[in-house]
Every structure is written in structure tokens, then in C-alpha cells.
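Please see the structure below; I have some questions.
By letter and in written order, the chains are A, B, C and D; residue numbering begins at 1 in each of them.
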Amino acid sequence: MTTNMLTHDPLIIVNFKTYSEATGKKAVDLARKIAEIGIKTGVKVGVAPQFCDLVQVVAQVDVPVFAQHVDPSAPGAFTGHVSAESVKAAGATGTLLNHSERTIKLSDIQKAVLRSRELGLLTVVCAGEVESAAAVSLLKPDMVAIEPPELIGTGRAVSKEKPDIITNSVRRIREVNPTVKILCGAGITTGEDIYTALKLGAEGFLIASGVAKASDPARVMSDLCEAANRFAERSK
Amino acid sequence: MTTNMLTHDPLIIVNFKTYSEATGKKAVDLARKIAEIGIKTGVKVGVAPQFCDLVQVVAQVDVPVFAQHVDPSAPGAFTGHVSAESVKAAGATGTLLNHSERTIKLSDIQKAVLRSRELGLLTVVCAGEVESAAAVSLLKPDMVAIEPPELIGTGRAVSKEKPDIITNSVRRIREVNPTVKILCGAGITTGEDIYTALKLGAEGFLIASGVAKASDPARVMSDLCEAANRFAERSK
Amino acid sequence: MTTNMLTHDPLIIVNFKTYSEATGKKAVDLARKIAEIGIKTGVKVGVAPQFCDLVQVVAQVDVPVFAQHVDPSAPGAFTGHVSAESVKAAGATGTLLNHSERTIKLSDIQKAVLRSRELGLLTVVCAGEVESAAAVSLLKPDMVAIEPPELIGTGRAVSKEKPDIITNSVRRIREVNPTVKILCGAGITTGEDIYTALKLGAEGFLIASGVAKASDPARVMSDLCEAANRFAERSK
Amino acid sequence: MTTNMLTHDPLIIVNFKTYSEATGKKAVDLARKIAEIGIKTGVKVGVAPQFCDLVQVVAQVDVPVFAQHVDPSAPGAFTGHVSAESVKAAGATGTLLNHSERTIKLSDIQKAVLRSRELGLLTVVCAGEVESAAAVSLLKPDMVAIEPPELIGTGRAVSKEKPDIITNSVRRIREVNPTVKILCGAGITTGEDIYTALKLGAEGFLIASGVAKASDPARVMSDLCEAANRFAERSK
């Protein structure tokens, strides 16, 4: 599957974290539900399962798959590291980097972005606030995701609770990088959250518990995708 | 496959690190060669591929498979971590912990050993010298692997260069833990290295470049396994 | 001042953490109060201020002073590290290691204990639970401090809430190290907490907020020291 | 002492790392030599000794003093951390951050810069290559220092070996931050290295072994400062 993820069309990536609801066979099931809603609504979607689950999700579901992290090291004597090569060999489309639950050194973000680019992996670099988001944008990742850590997992959406973070990030990022795709996340659970964020300038979303731990993930995913479509409709 | 790995019979685990020679499909190929020599010689063998490759190796090769590391965290909001649950769901038999290339905090070794045991994963905790090896043995892993970091990857075998480390580790470990299986590693490339180490009290081996980067891994593996058999023969 | 800290007499070390109540000149003031109570009651006491405050406390107060951490690296190109040499040059008596707020790798505990011993610095290695406490005791520090992290700073004393951790730690530590001095800590604020812990087998204490953040640190310190004396009296 | 360090005049900061030649009393001696050359030549100079040595150097030498690192945490229960408050209380003028020997997470750079600013401490954020240097400049430190890690400690000066890194960094940094003072470092040992770097656009220097481990630090320091003056002369 080769949808171009880097257009200005809304993109929704679901981060499976290490949730037991999204591990092993359940990772495949969840990815399948998300992919189906993507196809039904025409909205671009992606999934970010655990390392061990990448191969199965890639093999069994037609959806772009992201790793949740890669280490910056080249192949070699690095026991226990996650090489970008192994993620690429697993068939992944890209990787998250520097998530607030797996923050890494600035020099490692830089190296991991470069290695990923060489291997043809898309990078989504996360940042917790405005200035860091601008800073990582200078490292030329394909996407940057702004997620205030204090809202992650709360169900209180960044677009409602801290709309300024989105608008200011978009403004500051665009000053230094005119093309990086700008995602946001943290606390997003409803179509309304999505719609508001798109109005504020976001171009995509990194969502985790809102979908992965929902009692009916497909229903939530539908709600989110339909909101993205309503916004696209309005914008025409 | 359910060989009991914790007997006193020699065990040889090959660590694939992040070597490009042992990533993706090449991980499966290498694991297959190792498994075949294990069957042919009757020596217990295991492999430790990268996280992304665990599922494929488990599915395609009849050999005990170890992860190279797991994080101590329970399932949950831990983006980018390697949960023991995901490793278990991938079908792994166990995991390495605290390898010198992926050392972790003492408290995390303790937590990871406990979680792994709950999930039925065997643990191989690595240590670089005698006192640390005894210390980790107190945490009751299934196996402990002594590897002087300065010899890793050198081809200068621990059993030849630093035999005292093996004999002293065996003595100190046995004072505090009478049952943990004792592996050693670092620089081992020949059957002679294996034979010497077994004489010194080692009960198994953690080997990486010696096999994984060999021009003919099957031949090296044969050499190692035959030496293990020669030792067993002699001991009768 | 050269009281022998490693006898079986109770020892109370106050950890200043990075509390603003115990930084800069306030570190000197607090250390002086603690030293005075030590002299008045005859109980052995020590203080562990921040790195930047070591020199002043050593110069101005007659009390054994501990760093809160040292890095394992030898002197050299290690910008931003805390060398054991600099701590020794500051006149410190010893150092804490592996506190739950500054946990370090097992191999680094081992190296830091060795370097400290070479330099004549006493080491107090912390551990959060029974098995880790026994494990670090094998590395032959001068003292081990058991502090369940979940009780630190709560005012709920380990000796009341989890007496088993003390008794089991003492038992397990003594099996592998007959001489290391055994401290405990976490939540200790009253003489009664001290008395109970001594009865359970503790030989000393690592205390932080209970003294450093008390409205009247001298009064609390008196209470603690008098309890230590009551226990010593009873034991005769 | 309150020289304004942030003008465009050349500034030379000597990083003492954990060199034994620059620890304890030797830190005071070395700082004194550096300060004297600064006064004699009229060139702005600074020193960055170890944490434990800050108080003594501040008390005994009239020179701006920098810590080598601070942790981002606020005062509190952070045993073993280096609080910006303790560095400020020691009388320091500022702090280095993210040196290649003490790299930190991007989010921690951001927090440490903010805390330092609140406390009136100047920040010198280090970066190893062009894009990272630009990225950290967005976090609005007072100074940024570009040091290719592969040249640190080699005696092969960045201004000779990799002049492009200086010119490109200056250009990229100025695009996103017009005022941050731009230092460079790595391998600088002679006045000629300084002169070349100033021509390439550097406004100051972070130097370590070139001075601190020199057989005659005062002579080297003189050479460096005189080169800075020759450059200033030429520029008039």
C-alpha cells in the first residue's frame, strides 16, 4: 500500500503503545479494524504496533505501519537495540521517534532521522511543546507530532485544553520548515477534537488510548475519520 | 520444541545482535542452520534474533528463541518499550537481559526477571565480571552469562584469555545460587574454546560474531557442538 | 572528624536531596544543627548535601559528609560527570550510590564502589527491595541502605509499613555479606520509627524529608537520636 | 565580576572536564592562571570546573564560572541530581548543557534552559553538527557551542579540519536565531586555530585539553588571547 502520507490531507496514526489490548494477535485485529475504517471513509490512516508485532501486521493488514522507535546505531554489535534496518526489513513504512514515553537525546534524533531517510523509512518526531517542536522540525523529519505530555491518556484533548500549543507550534514550525507534516495528539477521543485541531492548523493526528483502549475502536475511528472528512468538505 | 534448557547439558545460544548478516530473512536462514546442527549433533542450541524477527524465526524454525532484551514495564502507556508480553506473544522461549551492549539498572533487572518468570519466559542475565555475576545470580534468573566486555567480538576467547573469570564466577555464583545455569561468552570461535570453558565449569555459551559473522556459520556451529559432545563423552 | 562509622552503633545519615531548604548556605545551617545533635546525644550522624555544597559543609561543620552519587568514570574527558576524585578532593567521607532517585547500572555500581574504595571514600549503596539489597551487598560496599521507593517521602515509615522488608533484607544480606553495615530508610520521621527498625535489625538510617523539610529539624533529629540511645540502653 | 559575556567580542571558556590536572586545588590554580591572562590581554574568559569545585573557584578567582551541566528538575526529591539552584547558590555565572560527553534529551535541554534563565544563569548549549546546532538555537540559550565530537581532544582543530561546520552552523543558526552567541570548539590548541575560527564567523570558544592539560596553560592561554586580539584589531 502506497498512499502518499505526506500530502496535506488529514492523516490519523494510531499508536498501540504496549497496551495488552493491542499486543500479538490483538495488534493484528486492531490494525485490521483501523484499516477498514480508513478504506470506508477514504481517510489516510496508519498504525504503530510494538516491534514484535510489526511483521504480522504488515503481512496481514493493508495499512501503513510505523515502528514506535528506532535506535540510531548502524547494524552491528548492538544487542537489544532496535535497528532501523530490522524495522525496514519487517516491512514498516516509517517510525515514531522521541515520543514522550521514549524520549531520546537530540543527537540521537538527528542520527535516527538520517538513517531512516537513507533506508526509505518515514519519520514522525514527537515533541512536547512549541519550541521543541520547532527545534526538531529543523532536523527535517517527514512529520512532527506535538503532544503535551500532561494531556496524554487523559481524554482531555489538546485541541480543547491547549489550542494555543497547536496554533503556536504550527506558526513556529512553519517559520523554520515549510513542508514538514504537522500532527498533534494527546487526549483526542472524539470527532470534535479532530475537527477543532484541523481548524487550528494540524494536518494529522497521533492517537493512542482514545482508539486502542476504546470499547469499540471501530466506532471511535469512524467518528474521527468522518470529522476529518467534514473538515475537508468545509475547506473546499 | 520443548527441550529442557536448564539441565546441566551444554547449551549454545547464538546472539544475532543487530548484525546485517542476521536481520530479516537472513535471521531465519541463520536460525535454521543453527537448529539443524543442533539436531544433527544432539547439542542444545538457541538463537537470539532482533525483536522484529522473533515472530518469523519462531514460526519457521524449530529452535528455542530468545529476545535480546525486555523492558521491565507492565503493559500500558510505554511507547517504544519492549514488553515481555509482546516477546511472549511472539512465541519466544526467553530473553537475554543486561547484555554489556544493553546494560540496565539493577532494579530493572530485578523487575524484568520477575515479569518474565510470571509469563513463563526464561531469563539469561549477563554480567561482565565475577562479582556482578554473583550479584545477578541472587536475583534468581534461570541462567547467568559471564562475558568480559573487553573480549566481546575480539575472537580472543574468554576461556583462553581470562580462564580465572570463569572459574571464579562459577565458584562465587555457586556460593549464592546452587541451581542457576552458568553460561559464558566473549571471543569464543572454536571448539577448543568451548571445550576449555566446559572444563572450567561453564554449562553453556552465549556466542555472537563467532557464528553470526562467520563465512560458514554451519561449519563453526558444528565445530562448537562437536566439542561440547567430546566434553560430555569424556565426563562419563 | 574521624568517628568510625562502620561499627554496629546506630548511624543516622540525612540526605539533603535537592531541597531548597538544604541548598547553599542553608545546607551549611542544616548540617550544623544535625552535627550538634549528634554531639549532644553521642549518636553517630552524617549528612549528604548536594555536590556544589560539599566543600562548604566540610569546611564549616564537623560532621562526616557524603556525596549523593558519583559516576564510575576515571578522571578524564567526562564533562558534566561527578568524579569520585572531585568528591574526595572536596573532603567528603563517602558517597551514596544507586539511590532510587538516581539509580544506576549494576556495572556502574560495581565500578563506583571499587573507585571509591581506592580513594578511601565510604560507599552506601541503596536498594529498593530484599533481593536487590542482597545483590548489591555482594559488591562489598561499606553500607547498604534498603529503601522501598513507594514509601520514600511519605512519612509512612518502612519499619511500620513494611517491617518484613527490613527483617528479610537483614537475613538475606547476612547470608552473603557478614560485615556490611545495614541502613534502612523511607518514611522515617519519629523516634518510634527508629526504635522499631533497630529492633528489626537495622544498624542505621538514611533519612531525608523527615529531617530536612521539618519545621524544626533539630527537634526531629533529637527525637531520632534519643530513640537510638534508648535502643542501645535496652540492648545492654 | 560582571563583564558582559554576550557581546560580539571573542570569549574563551575553558572546560575543566574531570581532568585530574583541574580538580580540587588545581582547579583554583588553573582558573587563576586563566583569569590573569584574561585581565592582561583584555580578552573575555570563563572557566567550567567540576560541580564540587565551583564554590572555591568563585570565591578565590575573579572570573566568570560555569557549571558543566545542570539537571532540568526543580528543587525537591532528586537525590544525586545537579540542581540549577545549587549551581546558582555556588555563585556560578552560567552552565554548559548537552556537551557531547553529557548529552541530554531535547526536552531536558529545553527545561534546563528555561530554569537557568529564571535563575539568571547563562546557558551554553553544545551541539555536534550543523542541524543540531540550529535546532538548539531555537530553544533560545544565551550561547551555542558547536563541537564535532570526533575532533574533541584530538588537537586537530575544527577550524582547520572542518571549517565548513563552522560556516554552515553560523549561517543556519543565524537564520533561526539572530542573537545567540556562537562558540565553537574541538581540537583547538593554537592562536592560529582561534584566528581562523573567528574569520569563519565564530564569536567564542569552548576549549578543554588544549589549555587544561597543557604543560604551560598560561602560555597557551596567552597565545589564544593574543590571536583573538589580533583578529579584533584587523576587524576595526
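In this text, a contact is a pair of C-beta atoms (placed from the backbone, for glycine too) under 8 Å apart; a residue touches a chain by one contact, two chains touch by 3 or more.
This structure is a prediction, so every number in the text was calculated from the model and none was measured.
Common neighbours of chain A and chain B (chains touching each): not present. Here the CA centre of chain A is 38 Å from the CA centre of chain D.
In whole angstrom, the spacing between the mean C-alpha positions of chain A and chain C is 45. Each of residues 100 in chain A touches at least two other chains.
The touch graph of the protein chains shown is a ring with every node of degree two.
Residues of chain A touching chain D in their complex: 98, 100, 103-107, 109-110, 127-129, 131-132, 134-136, 138-140, 172, 175-176.
Interface residues of chain D facing chain C in the complex, by the touch rule stated above, are 15, 17-20, 23-25, 48, 50-56, 67-69, 73, 75-83, 85-87, 89-90, 96, 99-102, 152-153, 208-209.
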